[in-house]
């Protein structure tokens, strides 16, 4: 079978994850698999377990699962909750909705806050609503507040610190569970400072790895809650993993070759410096939005204070099928863009500018979008590419070697 | 960080899994990650979903999880059972014991058949005992029989067809759940012919992949049971995956790069021919046992009819710490052997001869063991290497290109 | 040592060679080295020897040297000429000049035709001048005419068929030696149809390989001439290589892993189709020139009939150091452009758009140039990026899978 | 095309070069090709140029050619000699003979010392003969003495220091040219201490790289001689390369990706320590000879003081075609051994134990030979494998991490 389908030249994978895996990481993943019980493995295990904490900005345990991100969602729920527990969730988009659906499947009772219709998918988490709801829950029957940090379906990055403040202001003991699957290592994230109890993340976004490993960063309060949580669990159970991780091992076979990749990713990210990584993402995101504005198309995220540094959702005019635009671009320019999900199906496309991305890759992406939109018959009010060049050209970025 | 720790020359990874990953597979895994919702992905998805059925010898669905093998154990249980359900398990070794422990964690009530002490870890599943126990269960309160096909901790490959016959002879409706994590693609396995309801397997053994993906092959009866099974599940739930797999996609992000590896593994295995693969494993296993016999050391498996083609457990004489022997061999010959697990800790070591292994690699392995045993002070009654050469030299193997 | 120097995201290697090596080729090059005298090698050898002929459009022998392109220049000369032989060369740029210098080093007496000063580096080979000169050589003391097909230093692709016609029109027996090191597999080239006696080429341009192998395609007349040529030669000698190549082997150790790469490159190029490859290069080159024209900067090649599909030379305004522009672009946008060579040092830069290049990669390149030129203080008369988008958007390119 | 021909398990490439390329080097070779005129390249260039000197044990220039080893032979000759020059060569085997043939092709007049018939191929260079011949050359018409350090066709490693002493004792000004293509980084070699004027080497032996780069280490006397040497040369000319190498660049395109490999190889070799590398080669060679002695077969090298640490030539009994033995071993055990070359065709085979080889790989090799010899009908006087295990087991080798 031919696994390299693409025609000449490089494919542009500009979906909001899986993001392009750098050659350094692909090479690292090709190291020979070693004995996961041997002395060498512990060195690898301790390195990645220590390094990943820096990315989560935590000094508390981070569990690394040999499973994709959806599994880490389940882990966060089943380690902290019991059947019938009430949780407060917030509808920011498709992934918040899927997480809610998962909670229901597991026998949890989520209450879903948010705005109705499409509008609800254009704003971030409203901490005031959460606070108000928690204040009403005087019996403390709500066991957890679950929010998505970076909504991959819309391009909205919610303010997690404000959610923490809301819970505290309400004097409510609920746990704070946060999904930053697509935010980690692209948008600033502070597990400890923001008082998050469980942070869920994955490998195939800002960490630049293929899908296949995922994370739970946990607080002492979350670990304590896990002692009483009664949802059945074994594969996802934190306790034994946390215990064995102390020596660099796992209770069951870890995902060795993806851990090689994680080791390399940590070297790259911490080598560039987290602040530089975030600044790069912010610059590219702003350049992208500058282009979308010049085209005269609406950005899916309607609140500039929560624009995502990871992706930008672009809404197509009425009567234009966004998936048709994507198809034109894919077939003519060999570029993949994200589809509109759920409520937004056919009404928007998503441009990923995360992970191993730089100014010129973004310019290629915007040029492909601009030409493709025109080919698909979309009237643009101006050149987004020109506007993005003006913006990028105005930015001072120190030379790094 | 240095991920290539080893001194000059090739490391010999002779544990019973993860087995050495062939270069072809490592290279395939380094293809660029593609859009898991794009048109190319479906082609890959359908290829691996079709190919893996041939290895399981089934025409029914095989679910591929982006998670390591332990997860697939959990999937088998939580898709078919409800809290409080009774299941019959059989203690063949460490992994059978761990699976039982998992069942307990999930709120299932396993009953553990088997022989007491170390003896129980030297024989395969006794189908007669299962039949007898099922006959007594006239109320059909036992919902499933769970057995391990190839016990990785001991080197025993149980007769699954006999278990099926036992269940049928007892006229019992229990499901048959089988773990062949380390048996698949090394030992003959027939999901359909043997009437297995759920077969659990993993990637890092006979399939020659790194750890990270795992499998549930299912029967119609198992799928039907899943409609009534009430253990909470979401990530592991079969139904949505089976549905989406029809078009080559997954409901959540699959493990793309390991699927590239699986595609290549299938090309290799089906290219060699399953019967040739099994014959090679049998030849190497017999050569290995010939050597152990010549050394005068006991083989852990006490019943020749269930010797494993995957690995051979070698018991060390009283007073000899098997882990000390392993350490000598590791440090002097850069070879990893499997440790004794659970009850067998320090009393045996395990030689893996599975996956991408051939005659000369086995000879290197046996030479390392023989020299290492002597260095560790073990008295041998003869040269296992010489005996193995005699055996291998006597075998006719047609030249393949 | 850190061999991956670059900051985040992909480096843009837009020099006119070495061109970016596709992942497929890098992976192929990582196959294990095999016995160059074993049965498997012959299969590889015969495949690449057959395939490369299709790219040269010849049915005559093509010699593959385990040496970089400069060596193949020497091979062309020392197999066909003797010390003191006169040859006619044509100054089209830096590489034509270096080849002349090599001829002198080897004791050959080149006569250099062409225009004086920088003007000579802005036009292709003038076949009329060659014809006139050959007509004057009634004693036939000129043994060969040596011209460069694609001048990598300027971006001029000369008309080789016209040179053949000139030689024939003059009724002169001189051999025709052509360097298409940077033209092969990017610009149309017809060794047999154009009556070339020796064609010299290399791996690191249109063939998309790293440097390290090079080629001599030869005619029967050239082989006959080699019987009488008296320049000392051993490593470069054709006869023994041609003889052993018949069975797929080489008289000395070939460059095995680069031959793996060549095998893959041939699969890619012949799979895309030579005509499609040339059309893609022509489209990208025209898009690039459209941009340069819009910027209001002179293209180094002053004759539109010989514009190169491989690279475009861009002259900077008086007072602007082209290398300073390159430095700005390199440091700010992580893109490498070709420097001005020899006479053109500091007065132009070269944009490579060859090999594994596509529309969006070119757009990224042009955006980097446009922003970088402005940062370096160059006044542009318009947006080359906008002009190139207009051009590319107007081109119909069928979807290929 | 299928480039991975081999059946299941790892191929054993036990020819005396190309030797198996370690994964670390294959991975390093897959770094993206960079601009050979850019700032990053200089860092790579200076690193490898510095490191390779340590392996040659010289402080003088080492030229790295983007060409295979045969080219470096030609370079040594054409940089130091003129047509008609007399040189003294010594017949130690097939490669000494090929080098002499090359000298003749280039117009040099070699005189070939050595013993007649097969006997001449079983001993090293006889320095006394060289001294005697030089003493007779009172006119100093002999311009160079050319010897092979490690004869790859026989397994004889000559004493180069004694040749230096012989030249000095004769008070003769001849240059000393030495081929250690297969000796470098496997056998101790001291370019400066031994007073060698030009040392020729290649990449695909002790340096563990694929073929494709080669070396000339030069002395000041050799460089001085090059000023007057009149053989035509351009590609091989030292002066321009030495000059440009000072800044880490080359006058023409270097073999970038093989230089990545060289960089990694230097890290591996200097990391292990040259003395440890040599000790490992000596141990493996002695183990191999111990096995051959136990088999009762003659070792091609008849003088124990010059046994090669790189390879061992094994002579087959009269009436046994060594190539038939090799074929049996190749087809049954997927192992490649070196063929008998020239005079030894069909009368011996060669076991390579160089480069990335360790104790267990050697044991596999010996087991394959022993079983294969028996399958081919060769009577052995005892088990070489058993003897080699006794020897290896008796050797203390400190554990390295």
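Order of writing sets the labels: A, B, C and D. Residues in every chain begin at 1.
As a working rule, a contact is a pair of C-beta atoms (placed from the backbone, for glycine too) under 8 Å apart; a residue touches a chain by one contact, two chains touch by 3 or more.
In this text the structure is predicted, and so the values were computed from the model without any measurement.
Chemist: What chains, if any, are shared contacts of subunit A and subunit C?
Modeler: Intersection of subunit A and subunit C contact lists gives B, D.
Chemist: Greatest Cα-centroid separation from subunit A: which chain?
Modeler: With centres defined by C-alpha atoms, farthest from subunit A sits D.
Chemist: Averaging only over C-alpha atoms, locate the centres of subunit C and subunit D and give their separation in whole Å.
Modeler: About 34 Å, centre to centre.
Chemist: When the centre of a chain is set as the mean of its C-alpha atoms, what distance in Å lies between subunit A and subunit D?
Modeler: Each chain reduced to its C-alpha mean, subunit A and subunit D end up 54 Å apart.
Chemist: Could you put a whole-Å number on the gap between the CA centroids of subunit B and subunit D?
Modeler: Centres of subunit B and subunit D (C-alpha means) sit 45 Å apart.
Chemist: Touching at least two other chains at once: which residues of subunit D meet that condition?
Modeler: In subunit D, residues 4-5, 20, 23, 27, 30-32 touch at least two other chains, as defined above.
Chemist: Which of the residues in subunit B come into contact with subunit C in the complex?
Modeler: 23, 27, 30-32
Chemist: What part of subunit A is in contact with subunit B in the complex they form?
Modeler: Checking each residue of subunit A against subunit B gives 1, 3-5, 11, 13, 15, 17-18, 20-21, 26-40, 43-44, 47, 65-71, 73-74, 78, 83, 102, 105-107, 202, 204, 210-212, 231-235, 237, 252-258, 260, 263, 267, 330, 336, 339.
Chemist: Considering only the defined contacts, which subunit A positions touch subunit C in the complex?
Modeler: Those in contact with subunit C are residues 4-5, 7-10, 12, 20, 22-24, 268, 272, 277, 280, 331-335, 356-361, 363-365, 367-368, 370-371, 374-375, 383, 385-386, 389, 392-393, 397, 399-401.
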